[in-house]
Amino acid sequence: MIGQIQNRQAFIEKISQKLKRSEVPSAIEPPQWSYAPQYQVLKDKTQDELLEVLQKQCQLINTSCVVTKLADLPGAVYETIQSYGGGPVIAWQDERFGHYGLTELFNERLPKEQVPVNTWDPAKGRENVSLAEKANVGITIAEQMLAESGTAVLFSYKNHGRAVNFLPEKSIILIPKSMIVPRMTQAAASLRKRVLQGEKVPPCINFISGPSNSADIELILVVGVHGPNYMTYIVIEDL
Amino acid sequence: MPMKVGSEPFKNRVDEGIQNTFMRGAVSGAQDRLEVKRLQAVEELGDWETWRLLGEQIRQHVLENLDYYLTQLSDNVAKLGGHVYFASTAEEAREYIAGVAKQKNAKKIVKSKSMVTEEIDLNHHLQADGLEVVETDLGEYILQLDNDLPSHIVAPALHRNKEQVQESFHSHHGYEGSSRPEELTKHARKMLRNDYLTADIGITGCNFAVAETGSVCIVTNEGNADLSTSLPKTQITVMGMERLVPTFEELEVLVNMLTRSAVGQKLPSYVTVLSGPRGEGDADGPEEFHLVIVDNGRSEILGTEFQPILQCIRCAACANVCPVYRHVGGHSYGSIYSGPVGAVLSPLLGGYDEYKELPFASTLCGACTDVCPVKIPLHELLHKHRQVIVEKEGRAPISERFLMSIFGMGSSSSGLYNMGSKIASKALKPIIKDSHISKGVGPLKNWMEAREFPAPNKERFRDWFENRAKGGNES
Amino acid sequence: MKVALFATCLVDMFRTNVGKSTVELLEHLGCEVEFPKGQICCGQPAYNAGFVKDSKEAMKHMIEVFEEAEYIVSPSGSCAYMFKKYPEVFQGDPIWEPRAKKVADKTYELTQFIVDVLRVEDVGAAFDGNVTYHMSCHMTRLLGVKSAPMTLLSNVRGLKYTELPNKDTCCGFGGTFSVKMEQISEQMVDEKVQHIIETGAQYLIGADEGCLMNIRGRAERVGAKVEVLHIAEILNNRMAEVK
């Protein structure tokens, strides 16, 4: 379905007129910018070095950063959930959880210990939102992690409900170490590449850097406002 | 509320601001802290001047091709199934949004912070239509309870202290907790959680739209924009028409500069890029997406010497370093756009009748120009306003025009100057006491309200030089 | 080296000693100082207030007075900056723009001239006192002279320096701002004086008499025990104390 555009012609014509041209150019490419400082940031860092940068940054943004091997991942996730006070848990529906060896944890171990784990299922519609609202912990998987700012890049659509990253009070985000990049420059470049290759942009891309916060009252920082109050990144170091 | 804040004349507003000790303490404290953080953030990034040059280039390129990029943006939003409304005036924007609300039979709207929606006075009009409009940004939420007005572009409730917030929550909600910000914030979270879940429409602003993909990017620390857009069935995003970038690559540059300049953060907690309504098969996200693109006077600025002000990315770094803002606070500007950017923009969007004093409320110290991440020559634009106000509009008081033309004469004729300055010492003798002027008249009176004014030297420098050259006193 | 001194109207009328110190200092550094007699005012007061047309008469006069000079040196950052703006003010004028450019290109603020042109960092000065320094906005941000004054002060024997809190912040002069927006100006200069008092310094030094008159006037009004001097007066001080 194509959306409606209203009142465009006169609006745009006025702008063209102010720009002293009689019509809108048919195609413009952004120029080769004269400056490109963004590519210099954290240039040539190894993955280990990027991980170090990430860990340091997490400390500054009230985010825990746990590094674990794939074999130990279920244990790390389990411990984090327990440290957060247990369930209920809501997770994205994502086959990567299975690849990471978390099926048994989600489907058996946790429920057995009275920690229900719900999975985002679009077929359930709005009920997903209720489950997310009731959940104590939300678990998702990042596409990339930006070392400089401690930012998880998440594509939220279909089986990846947006609410999973926002409604629960605690948030756990998994990320393979190989997906850590220096900064948003690399994330933007890879996104753009996909766009130019004709891929559709996900309806919602979240760049999340730690739990929610506000300094609106007397500029005093309070961690935990409308989004999660607590956040843990779990880096899978051998992936 | 509309762009205009309050109805008092300028001098009264300034006076009120100066008398408000708490606000001044809050503002100067905030300025000192935010500027330290900004400096740390830009030093850590390194090569800041190059970033600024890039930021300026990107913004200038977009403005010079605004017709193209807005066309591309709207085409791409429509391709994603979103609706685009081009609103030339505030009224058109309001009517469209009210129309959508009516069509949806909406009762409640949640809003994330948006300066442009305040500029077009959206809330009042929706409320007049019987809608409940809830501001979800903590600062705006606090202000809304008491019908108070924002005093800073980024920290709108800067002028309120925590005890005032506690009192406000108590009288409106029966809040019984302490004035600790953590507790106050927990209370707001609780109150708003229900609003997010029951709202029919989420209205947001737009930090940057991305033309190439038809996306809108919204930046918050609280997560309120995300909840406002993932839970209600309809999303309406309102943007000033100049707030866009060509592609994701320019987006990341400007978001990065915005947050470092505004509050010294590398990135805020949430940078959210939304492209159209929810995808097919999504269980949350809006079913319907509307993008309202607002002109409201911006196109009049295009193609004029004031065009650079449209480069603004609303970081408020200029306000954070402005010594005038420091002492008078945001409300004195009489506009939701305060600080140096407000002093340039408000007269352009709101007219000289309302805002002719603002460009003069500056020493042209250049601190704002120095910190602007996209290199807007703010102090020069303020000066341009002065020139327009005085010369084109002829709005300077007659006495000042007279004095200035005397100045012009006196400083272009050595004879006149020589005569004037020679007799100054003698002519002023009656009001000289202890080598100071003791009684002020005219502009001198204003000076002397706060300071001593020296009497002219008995011997002018030029006379000393001449005497010495003739072999006179070597004193 | 022949230097044409652009004394500024404020110095000429109110602070002869600053002009005197400037002349003696430059001579001490080996310059021959001329004072083109026709000079009056750079035009700032009218220009900054938006009266560009009226200010142009003053500017043309100054261009005529100074255009044959080899170097133009002024003990005022803002006035030197005004000269630098002349080409822009006369942009498009086929007669005055090139003349303005000639003048602008050879104009220097005093400390800038000493450090960048004469290449001197130690002028042989001595000053026994505890000082703090106000960095005038037009001089630092607009003219771009940020380090020359401190470089010169750092070599003054016996001088004790304390940094001024919020040293980059405007003092609230701004020309006609000080009388048109007097409420705000008062707050700004008051904060500046409070910061000066906080340093415990006996002297406040600056390089622009506009700022200094503003600060001095306030300091005197509130009874602050601080003497406000121009940097030329310090740099020209060799053995004896400033009277």
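Going in written order, the chains are labelled A, B and C, and every chain counts its residues from 1.
As a convention for this text, a residue touches a chain if its C-beta (ideal position, glycine included) is under 8 Å from a C-beta of that chain, and two chains touch if they have at least 3 such contacts.
The structure presented is a predicted model; accordingly, all values stated were derived computationally and were not measured.
S.K.: So which chain ends up in the middle if you average the CA atoms?
M.R.: Going by the distance between chain centres and the overall C-alpha centre, it is B.
S.K.: Comparing centres built from CA atoms, which chain ends up most distant from chain C?
M.R.: Comparing chain centres, A lies farthest from chain C.
S.K.: Suppose each chain is reduced to the average of its Cα coordinates; what separation in Å results between chain B and chain C?
M.R.: It comes to 32 Å between the two C-alpha centres.
S.K.: How many Å are there between the centre of chain A and the centre of chain C, using C-alpha atoms for each centre?
M.R.: Chain A and chain C have C-alpha centres separated by 54 Å.
S.K.: Per the contact definition, I'd like the list of chain A residues that touch chain B in the complex.
M.R.: 1-8, 10-12, 14-16, 18-21, 24-25, 28, 30-31, 33-38, 40-41, 57, 61, 120-122, 124-126, 128-129, 133, 146, 148-151, 156-158, 161-163, 165-167, 183-185, 187-189, 191-192, 195, 201-220, 222, 224-228
S.K.: For chain B, which residues count as touching chain A in their complex?
M.R.: Those in contact with chain A are residues 26, 29-30, 33-34, 45-47, 50-51, 53-54, 57-58, 61, 64-71, 74-75, 77-88, 92, 96, 136-139, 142, 155-158, 160-162, 165, 181-182, 184-186, 188-189, 192-193, 196-197, 212-213, 215, 221-224, 226-227, 229-231, 241, 246-253, 255-256, 263, 266-279, 281-285, 289, 293, 295, 299-300, 302-303.
S.K.: If you look only at chain C, which of its residues touch chain B in the complex?
M.R.: Residues 5, 7, 9, 11-16, 18-20, 23, 35, 37-38, 40-41, 43, 45-46, 48-58, 60-61, 137-138, 141-142, 166, 168-170, 172-191, 213-214, 216-218, 220-221.
S.K.: Which positions of chain B touch chain C when the two form their complex?
M.R.: Counting only chain B, the residues touching chain C are 11, 14-15, 18, 32, 323-324, 326-328, 360-367, 369-370, 383, 385-391, 396, 400-401, 404-405, 407-414, 417, 421, 424, 436, 443-444, 446-447, 449-454, 456-457, 459-462, 464-466.
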